[in-house]
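My questions will all concern the structure given below.
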Amino acid sequence: MADLKVKIGALEFKNPVLTASGTFGYGPEFEDFLNIDSLGGIIVKGTTLEARQGNAYPRMAETPAGMLNAVGLQNKGVDAFINDIYPNIKHYNTHIIVNVSGSKLEDYVTVVEKLNDLEHIPAIELNISCPNVKQGGMAFGTSCASATEVTKAVRAAYHKTLIVKLSPNVTSISEIAKAVEDEGADSVSLINTVLGMAIDAESRRPILSTITGGLSGPCVKPIALRMVWQVSQAVKIPVIGLGGIMNFTDAVEFLLAGATAIQVGTANFIDPAISEKIVHQLDAYCDNHRIRAVKELIGGLIV
Amino acid sequence: MKKYINDLTVCSNRRLSDDYFILGLTSSNALPEMLPGQFAEIKVDNNPNVFLRRPISIHDVDYAKNVLYMLVKIVGQGTQTLSTLKVNETVNLVYPLGNTFNMDGVTNVILAGGGCGIAPMLYLARHLHQKHIKATILLGGRTMIDILEAKEFKKYGDVFISTDDGSMGEKGFITNNSIMKKLSSFQRLYCCGPLPMMKVFAAIAKQQQVDCEVSLENTMACGIGACLCCVAETDKGNKCVCTEGPVFNINQLKWQI
Amino acid sequence: MADLKVKIGALEFKNPVLTASGTFGYGPEFEDFLNIDSLGGIIVKGTTLEARQGNAYPRMAETPAGMLNAVGLQNKGVDAFINDIYPNIKHYNTHIIVNVSGSKLEDYVTVVEKLNDLEHIPAIELNISCPNVKQGGMAFGTSCASATEVTKAVRAAYHKTLIVKLSPNVTSISEIAKAVEDEGADSVSLINTVLGMAIDAESRRPILSTITGGLSGPCVKPIALRMVWQVSQAVKIPVIGLGGIMNFTDAVEFLLAGATAIQVGTANFIDPAISEKIVHQLDAYCDNHRIRAVKELIGGLIV
Amino acid sequence: MKKYINDLTVCSNRRLSDDYFILGLTSSNALPEMLPGQFAEIKVDNNPNVFLRRPISIHDVDYAKNVLYMLVKIVGQGTQTLSTLKVNETVNLVYPLGNTFNMDGVTNVILAGGGCGIAPMLYLARHLHQKHIKATILLGGRTMIDILEAKEFKKYGDVFISTDDGSMGEKGFITNNSIMKKLSSFQRLYCCGPLPMMKVFAAIAKQQQVDCEVSLENTMACGIGACLCCVAETDKGNKCVCTEGPVFNINQLKWQI
């Protein structure tokens, strides 16, 4: 049994395996398949100020070793989260993190103010990288100026651990990471989905109602790994790595590249029990490699 | 209902025609209870072009023999690869998923299935039969080889057939079958098949004020309500077809009919 | 038999199927597998002013539905190309296009001046997007200012068809495309490889000698398709699309998204005869869909 | 030499041990001429984790029976999937690729193969035998099950064996086998195996001024000189192992030995 604990800012996680926003519902969806409490944490679906219907169907396209989605932040809004969902999940003995999305700066701020009060929500993940909404979303995360602006405002309003989730659709993700670090983010998580597109050659139509959507799954892993490597060298705050993690070897690769924790996303759709398996296999990997604490793997790439 | 993720063993793979096959799957453990209308998300192994699981309906369950049957139409790489499964190979299922048909408050109903839309109908017919609800079955297809399992259906009720080319049963669209003239004598119409077909049935049912349930086949990623990819527009907003469906009453759906 | 001809600037191609630089050698490597003259054109290996040894081995890593390479523009230099290679390939009855790479502005200019004189080279592809060289390369293609500068200089020096090859590793590829269009490029081709990374979890080392490398293959297709769609709406010059094209359906998708021609890259490694097959299958596709000229497919996405 | 891209049919798949198997491949057409040291790029179907072809040496060719043999060690997903190929299945090859061993100007040579490094050696031994060149064969491995095809090799020359654990032949590294004391009596050493082993052989050969050829196994994408991924550093710069190798004289290589 290796020591699997890791820390993001002041927050300690029992292990570095979290589940990615939008791919794990709120937790209950997976209770038949695994023990939620075995995970380091779960990051719930992107939550906005008002309820959102999301985009029109079809919202999904399968691609080589991956998928595109265009869900568009369908959720019932932060008040419904607090009143209807939170009471049913706050008993989980793992960190529940809310992924906060928005299309206006003020919305982000209002949402995080409301979340401040929730005892069992020790952190938020600020989503400035959703490619599937017309306004805001990714726009906040693709320039240093706007990333700075939104992080500053949210930092002032939110008192617990602040993770900012970055978009890979940029020329220099390190610069954006540094900008949000400067504004007091406790951590950055990356990557959100890569903007992509799928076409049906027979019908000559786009497959998604929105034409473009967000690419995820193993196909993006090499890109995500590179960005985690770049960002972890550019910033001092801990980096949370994700993008195409399907098994424990992938998880180890992200830790070696510099991630302090990892998130499992699309893999939950292929094997709903995978995130717990990764926890156990990570433990076994450490034992096999005579690593006493998983922390030793972080940034441990031999170059 | 509790969901499972299990490796099941192929105990039969019967080709019905070039396009259709029925997989029989068994397990060393007792199969869990499954309801008509529910489905499984099947993992397709050994095909580099298939990444996500594929949703396939429960076609029938023989609890005595502990066998789950799935009727599949080959439409692309996933179903093609499933068609090559051999006896004793295993296949991974997440199941049973989704809701079921409403069988309450009726004594005399009609089931309509077009093409692989008959897949969930056999198990429904079996359940109705057990509940002593009189079932009439309407099957349709382009040509006679699309009319599947008619013999099986006869066990549970009268069977009416339409083919576009008249090679079996009445000639013409399933929605024009003569039994449809008597639609108002039934208390509920259950249907499954291509979307345009279901919309025609729904329009007729609505007009004749017959209760109507349809089983939708939206594309899915997770099958368990986590990804929100499979939504249908309903009177209560976007609902996940995988958890709040696949069966919907047409009154819930925002169809232009 | 559909009419497969397409035009890039003043240059007519017998069909829209070209082979991508660095994946088809100079042509002779593939003579045993297909008829080179059946292709719309071939784009030869990235050519620099001086000979380059490229990066150290290992230069390749397999990834989900793709590969990373870190070849680093190994080539014998433009003079060796002109003296030793060109004489052996100039008889091809298809367009031979030289992919011009460099680490300094002046180098690009010197190389294209030399290429001006080659009768059987009707066009060059200016590579401002190679992620595998320390200096220059991609740096030219990731800001509008530098893309403008190099395109302007090369346009002044080169008198035939000028295609500029764009990097996908940017926030807005459309802006870069517009910048090079403004400087007189006749066409843009996209995408070059996406910067990625691979790690061996057992040895805890990067797989490539250069740590990061360029991702190609089907995994990048959704990204490439999206960028072709974006760029073809932003510029008036023809777009050449590539990135993960493995078969004729993929090729059709790129045409529908707005590409006037396409390039086959990594697919040549999996099936060295694939590019000719795509020509024939494209023809069959047009016949099946009652399309008389492949031109009708260009930008024909029904949205 | 002309290269081909062909579907060949599996006519045998013989397991030698947990890790090794020999594929026999045939064709309705006559197999092309292949030289020792050459290899094929094999397409691995039905495995989503394998994208590129896999290079595998020509282990032997029986032109009378029109069968090509490949000896493969299971090290990852590609070779694992190849190991499951069944008789009558087809597999796509691009072949024959690469150069060959230099068999000129010698009458008495020694061949050394470690683990799956023996793969190209059998076909080389057969060719030397046909050319009436005396061949001595040195095989090595961790333990006796790594010593493959010793019986076959005996047809072509004396066989010496080393295993790390002494379970077969001499105990110790292959590079310390007693026959190596007589290395200078041979005119050329051919070797193939793990890189560290080849480097030791190369160092000894260089020191004793015996001509030495090694067969490299750099990772490859195309196999035909198009991608420039497989390079080895030589006295004439980076050379493609797939076209200018896999066989190199150690004098060409920039090895620190």
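The chains carry the letters A, B, C and D, assigned in the order they are written, with residues numbered from 1 in each.
As a working rule, contacts are C-beta pairs under 8 Å (C-beta built on N, C-alpha and C of every residue); 3 or more make two chains touch, one makes a residue touch a chain.
What you see is a predicted model, and the numbers here were worked out from it, not measured in a lab.
Undergrad: In contact with subunit B and with subunit D at once: which chains are those? Just list them.
TA: none
Undergrad: Count of steps on the shortest touching-chain route from subunit B to subunit C?
TA: The fewest steps needed to get from subunit B to subunit C is 2.
Undergrad: Compared with subunit B, which chain's mean CA position is the farthest off?
TA: D
Undergrad: Just how far, in Å, is the C-alpha centre of subunit D from the one of subunit C?
TA: Each chain reduced to its C-alpha mean, subunit C and subunit D end up 36 Å apart.
Undergrad: What is the distance in Å between the mean C-alpha positions of subunit A and subunit C?
TA: 34
Undergrad: Hey, how far is the Cα centre of subunit A from the one of subunit D, in Å?
TA: 47
Undergrad: For subunit A, give me the residues that contact two or more of the other chains.
TA: 63-66, 217
Undergrad: Give me the residue numbers in subunit B that touch at least two other chains, ranges are fine.
TA: 48, 50-51 - these are the residues of subunit B that touch more than one other chain.
Undergrad: With chains as vertices and touches as edges, which is it: line, ring, star, complete or other?
TA: The chain contacts form a single closed ring, each chain touching exactly two others.
Undergrad: What are the touching chain pairs in this one?
TA: A-B, A-C, B-D, C-D
Undergrad: In the complex formed with subunit A, which residues of subunit C make contact?
TA: Per the stated touch rule, the residues are 61, 63-66, 68, 142-143, 169-171, 194-199, 201, 203-206, 211-212, 215, 217-223, 225-226, 229, 244, 249, 252-253, 256-257, 285, 300-303.
Undergrad: Contact residues on subunit D for subunit C in the complex?
TA: Within the complex, subunit D contacts subunit C at residues 2-5, 43, 48-53, 94, 218-233, 237-238.
Undergrad: Of all residues in subunit A, which touch subunit B in the complex?
TA: Interface residues on subunit A, with respect to subunit B: 22-25, 29-30, 32-33, 45, 53-54, 57-60, 62-67, 69, 71, 74, 217, 266, 268-273.
Undergrad: Residue numbers of subunit D touching subunit B in their complex, please.
TA: 46-48, 50-51
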